[in-house]
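Please read through the structure below; I'll follow up with questions.
Chain nomenclature is as follows: A, B, C and D, assigned in order of appearance, with residue numbering initiated at 1 for each chain independently.
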Amino acid sequence: MTDQPAIELVGIDKKFGAVHANKDINLTVAKGSIHGIIGENGAGKSTLMSIIYGFYQADSGEIRVNGQPITIRDSQAAIAAGIGMVHQHFMLVDNFTVLENVMLGAEGGALLARGVASARAELKRLETEYGLEVNPDALIEQLPVGLQQRVEILKAMYRGAEILILDEPTGVLTPAEADHLFRILGVLRDEGKTVVLITHKLREIMAITDTVSVMRRGEMVATRKTSETTVEELAELMVGRRVLLRVQKGEAKPADVLLSVRNLTVKDNRGVTMVDNVSFDVRAGEIVGIAGVAGNGQSELLEAIAGIRKPASGEILLDGQPIDKADPARLRELGLAHIPEDRHHMGLVLKFEEYENSVLGYHHRPEYSRGPLLDLEAIRKDAMEKIEKYDIRPPNPRLKTANFSGGNQQKIVVAREIERDPKMLIIGQPTRGVDIGAIEFIHRRIIEMRDAGKAILLVSVELDEIRALSDRILVMFAGHMVGEKTPDAGEQTLGLMMAGIAA
Amino acid sequence: MSTASVTLPRWINYGLIPLLNLVVAFLISGFVVWLIGESPLAALSLLIEGAFGSGEGIGFTLYYATSFIFTGLSVAVAIHAGLFNIGSEGQAYIGGLGCALVALSLDKYVPWYVTMPIAVIGAGLFGAAWAFIPAFLQAKRGSHIVITTIMFNYIAAALMVYLLVHVLIVPGKMAPETRTFLEGGQLPKLGWIMSLFGAKLGAAPFNVSFIIALFAAWFVWVLVWRSKLGFDMRTLGISPTAADYAGTPRARIIIIAMLLSGALAGMMALNPVMGSSARLQVEFVGGAGFVGIAVSLMGRNHPLGIVFAAILFGVLYQGGDWISFEMPNITREMILVIQGLVILFAGALEYMFRPAMVLIYQQFKRA
Amino acid sequence: MEYYEIFINVLSSTIRLSIPLIFTALAGLFSERAGIFDIGLEGKMLGSAFAAACVAYLTGSAWAGLGAGVVCSVALSLVHGFASITNRGNQIISGVAINFFIAGITIVLGQAWFGQGGRTPQLAPEARFAPIILPGADAIRDIPILGPLYANVISGNNILTYLAFLAVPFSWWVLYRTRFGLRLRAVGENPGAVDTAGISVSWLRYRAVMCAGILCGFSGTYLAIAQSAAFIKDMSAGKGYIALAALVFAKWKPVPVMFACLLFGFLDALANFMQGKAVPLIGEVPVQVFQALPYILTCVLLAGFIGVAIPPKAGGVPYVKER
Amino acid sequence: ADIKPALVYGTGGKFDKSFNEAAFNGAEKFKKETGIAYRDFEPTGDTQGEQAIRNFASRGFNPVVAVSFAWTSAVEKVAAEFPDTKFIIVDSVVDKPNVRSVLYKEEEGSYLVGILAGMASKTGKVGFVGGMDIPLIRKFECGYEQGARAAKANIEVFQNMTGTTGAAWNDPVRGGELTKNQIDQGADVVYAAAGATGLGVLQTAADNKKLSIGVDSNQNHLHPGSVLTSMVKRVDLAVYNAYNDTKNDKFTAGVQSLGVKEDGVAAAMDDNNKPLITPEMQAAVDKAKADIIAGTIKVHDYTTDNACPK
């Protein structure tokens, strides 16, 4: 075999309307290597990979596979070229079996009957060869995320991928599961296959990649041999300036209990128990962080406390009075503010103008209304004040919210919830999809709130964020609180707890 | 690159693009006319002549427009709450019952200006009541409101005929209709408005309900863009999850929105029942409820746009009658054809020309 | 009249009235399982009925009529596809538009061509699908129980009736046993999965709506040239919507769809049968009650008092990759 | 006087082989005889009649004939607006000095065909399928029932109405289903008074080798050998007379009701149904006719008390 690079990108450029997601990208991935790509959220990593996989079309630029320039019009072409991809957001049919998902698009014949047999055989082979075991007849919706991801990998392998792209595969995995994944990737590399691994967790990069490329704001800013670089250098490249990986904060002065959760059980829409008999307190003047891998019940817990999801049993007390029956509107009255995990679908109405979102949920308040009508002057004035105070750009309350960038969108939500000066603040993924500048800003605001004697409950899948902000850390696994730790607890111990291996 | 997230100036979004859609709809209609073997241009000039040729023509145009304003608003209010109410037809039909009952019981005793407000309420209440069950089923049971409202159109038809044939009919009369209302149950015509422009209204039943319609349009504007309820409705309509987060009571908003929608549809009955025929007749709605869908979409669900779109359809109806009279080959259902095409191009295909627009627009900006 | 006879009569009437529903509901099944809602079934049915009647009248051949019906309905499906797949328009609005357009155009053309108030001329027997008397039907007619059942219910229907009942297992087979079916079900649940598997979402959905078109063509044809002998304006009379309700009620599954449609057909038959008869306990009931009955029941069923149905996940949502 | 006659049909179309076609024939007859052209209009929806009538009047057409009760209120209004124009309304009464209202004693005609049905029926069961459920149609049904009884005292009469909206005049599918129902229940003669819906009735009767009775126009030719007779309602007379009288300045306002006596209604006899009509039947019909004219038989009119004697 020639040692042509597996993938070569020349001048790839991609715009999404106003957003310049990829700017003239050049990249070379050597055959038989694990190539890491890091970058802030929104840097353009997924976009770039989706272009290689033929999911998006580049506006301009050339793709070469094994030295051959090829045009990848759709994923079919990519698959034909031996490229497989595990997407950041899984591309599985929930009510299909593993087998059906694997076969989809590679059924081998107009009738299913024949394909099924061979597919089973092939799955067996892959299982034994790479230790990718999963029951072929299980329904996807009944599999834990870890296994779902495995199905995605199987899909790629089944199609005989020589080049495997994984887009932030570890976001949904415990450290232990991640390590298992990395072992598999190692095997693949030794088989001569090429792996492209996207993540923004530096630790993982250092752990298994041979080469690493850094993206920032849609540009490819650097490529390094992993052995010749350091975490600090990468972090700096990623962000464009020195980063203080820790936020300064003084000692917490916890006062009396504000929020207390008692034997809370919450089910999701499918009726599956996601939060199982959980109890904890949050005191005024402290930040309680809930660590855990995505999908272990944190979302449901937040929604239950915020009054969006009715608990199955148990009780929630705010200032001693039960609130598990109250709806979000009522809770705001009681001084409980909520920064939701998903700003695009919950925190904001993207089609609204900025000023409308700046009062979403509070628009019934007397100061914003005259009788049954809205008091637009008051609202716009108020919105403008927040825009200045939080440096939201562009400073235009009449602009459609969708046209603000993620970080600025997040600032709109944060401003709205914090400026109401609540007693209790519950926060989900405060900095997801937000650039570092905004991250620091938002972190500082949160600390200020604490020092102002507010009670704060913080949920984040970013362990670093949890450790940076929290005064106490609760670890959640499979709907249970598996334990409490102080921020100085080691990543190792927390990681084990997140994996359900009690500490 | 995708043009979807490029923002265009208002005059293109709300002016040029709807206009383009409309033009295409008309071109195809013209083709149909040609297919029948008549001259599209002749038809067009007849359309104009019929609709604007005389004070009477204009009167009829505005008379039809009045009904369409009501039904258009009815559809729009529901759409803003994310509901597609195809039941305006039936709600208007039942609204007619409410309006007629008021007229029948009061016309002997009081003058029209006393009857009217009560009739407005009666019609509104009955229309709202008819919208309630589908609303409730949607809110509490999640049953598809599009289908339920259609079903309720059929049920309304059966109910009304039963009442007209067996209860409200004047004994010994053939036609299933109520007795003619007396003065006190008839809405005065707006001849004076016409005479301001030196035109004569003639027999056209253009009446005061037109003014009520304009008032309703203003009311809807305030409701949707200036009131807290409207804010809740729009939040729910655009993003139900955001509504949950904001603590907007979904079920209640859905029901309120549908009640308002039904009430507006019901008030439409004033125009034909008290304003024109002065009696309740079988099938008096005559499809106005469905026209409301086209009107609302044409008008981008905005009251002002709806008023204009309603007048446009008034022109189609009046002019259409003229055409079908002069060109016996072209029946009045031609309007349904145009209606369908307008809904298709202004509604389902509203973005067909957008990418092109964006590119052209960007060319201009460069230059 | 003797009860078993009544039963037989209502049953045969039920079947006659269910056929258009079955074809139409199956049409909706293909479309909605692929994630394309189709309120336009009503219009497709009406349009194909008109096309079938015209062509059958002109050519004097029922089969030519069927062909025309199918072509017309497929063409309409493509319009719906163009609006909702290619242009990502609102599927419900597109369907409603088609319904209006057809409701008008059929009358306009019909009146212009035949001058019978939007009707098409009566068809000669050979231009219609005549009842097929199965072998031995008359022979065993007088055997108690089985005789009437075979002679009046099983035998004596037209070819389309038998096709409708064949279409049910066939649809099941296509959906669950073929590659096309697998992909079709997938695209209705998660188009992304189909797309990343290298399959064109648009083309797949276009094929799905075309299947819908073909089936609707059959139902329309049945209305015009099998069940009756001409096209009559608005002859679909809301059957398209009722078929949709049946589809929801049947939770988007072929065999249950058939039973749901038979149920609605039965109601209609009962409505006709009960007219002018005294209902036990209640006594004489106004005609209108029976005429409204199917519509009322539709709502009752949709209210999901028989268990709520979950539509295909991606249903009604246009597939958008780039915001 | 020279006149400009106009004609507005009922919904259902000019060539409905029934009601409207009869009116059309009347106008044609007048045209043939006098050479005076006329203008006609086919509304396809209930909302159109009024404007059509007004358009004719305002264009100086005179007289204007509106066939169908559906245009009652329309004529009422327009007649007031154009006092010098003469209007003729069929099947309904409008009390205005310039309006002639032409009514038909459908009960009498229906009585005659009822007798034929009663005599032709072997099962002792006959059927009636009406269009829209309105008093007018009940009137047909009632007369039919009385006639059938007169022929066979213990006869059973099934009756169905097709629908509750204007669509009921235009729904042969349902008409056919209802007919099939009645046939399944044993009816072997079915009388259709349902406009175009009737076509479905006659079709189904023919398909099932049973007898049917047409209405308004002579429909015997539609399915020879299956259509027993037709209750012809001479709408053509109303139109023809209206034009003629106006032409000869003999127009009279007020109510004209045409029954058996005036030849306004009759049971159609021609070569198409000759084989089906036995001499006894013929005799019975002729006798009934005579009795009605003589007044010895009084056929009850449903619309007088909205009830039918059982």
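Operating definition for what follows: contacts are C-beta pairs under 8 Å (C-beta built on N, C-alpha and C of every residue); 3 or more make two chains touch, one makes a residue touch a chain.
Small disclaimer: the values here were computed from a predicted structure and weren't measured.
The pair with more inter-chain C-beta contacts, choosing from A-B and B-C, is B-C. Averaging Cα atoms per chain gives one point for each, and the point farthest from that of chain C is the centre of A. Here the CA centre of chain A is 47 Å from the CA centre of chain B. Here the spacing of chain A and chain D, counted between their Cα centres, is 77 Å.
The mean-CA centres of chain B and chain C are about 30 angstrom from one another, to the nearest whole unit. Chain centres here are Cα averages; for chain C and chain D they lie 35 Å apart. Contact of a single residue of chain D with at least two other chains is seen at positions 42, 44, 133, 164. Under the contact definition stated at the top, the residues of chain C that touch 2 or more other chains are 107, 111, 118, 288, 291, 321-323. For chain A, the set of residues that touch two or more other chains comprises 16-17, 402.
Interface note: chains touch in the pairs A-B, A-C, B-C, B-D, C-D.
Against chain D, in their complex, chain B makes its touches with residues 60, 157-158, 161-162, 165, 169, 171-177, 180, 203, 277, 279, 281-283, 286, 321, 324-325, 328, 331-333. Residue ranges of chain B in contact with chain A, taken from their complex: 1-7, 222, 226-229, 231, 234-235, 238-239, 241-242, 244-249.
Considering their complex, residues 14-19, 59, 306-308, 327-332, 338, 340, 342, 345-352, 356, 360-361, 363-364, 369, 372-374, 376, 400, 402-403 of chain A touch chain B.
Against chain B, in their complex, chain C makes its touches with residues 39, 79, 82-84, 87-94, 96-105, 107-109, 111-112, 118, 238, 241, 244-245, 248, 286, 288-289, 291-292, 295-296, 298-299, 302-305, 308, 320-323. Residue ranges of chain A in contact with chain C, taken from their complex: 16-17, 53-56, 74-79, 85, 87, 89, 91-96, 100-101, 103-107, 109-113, 115, 155, 402.
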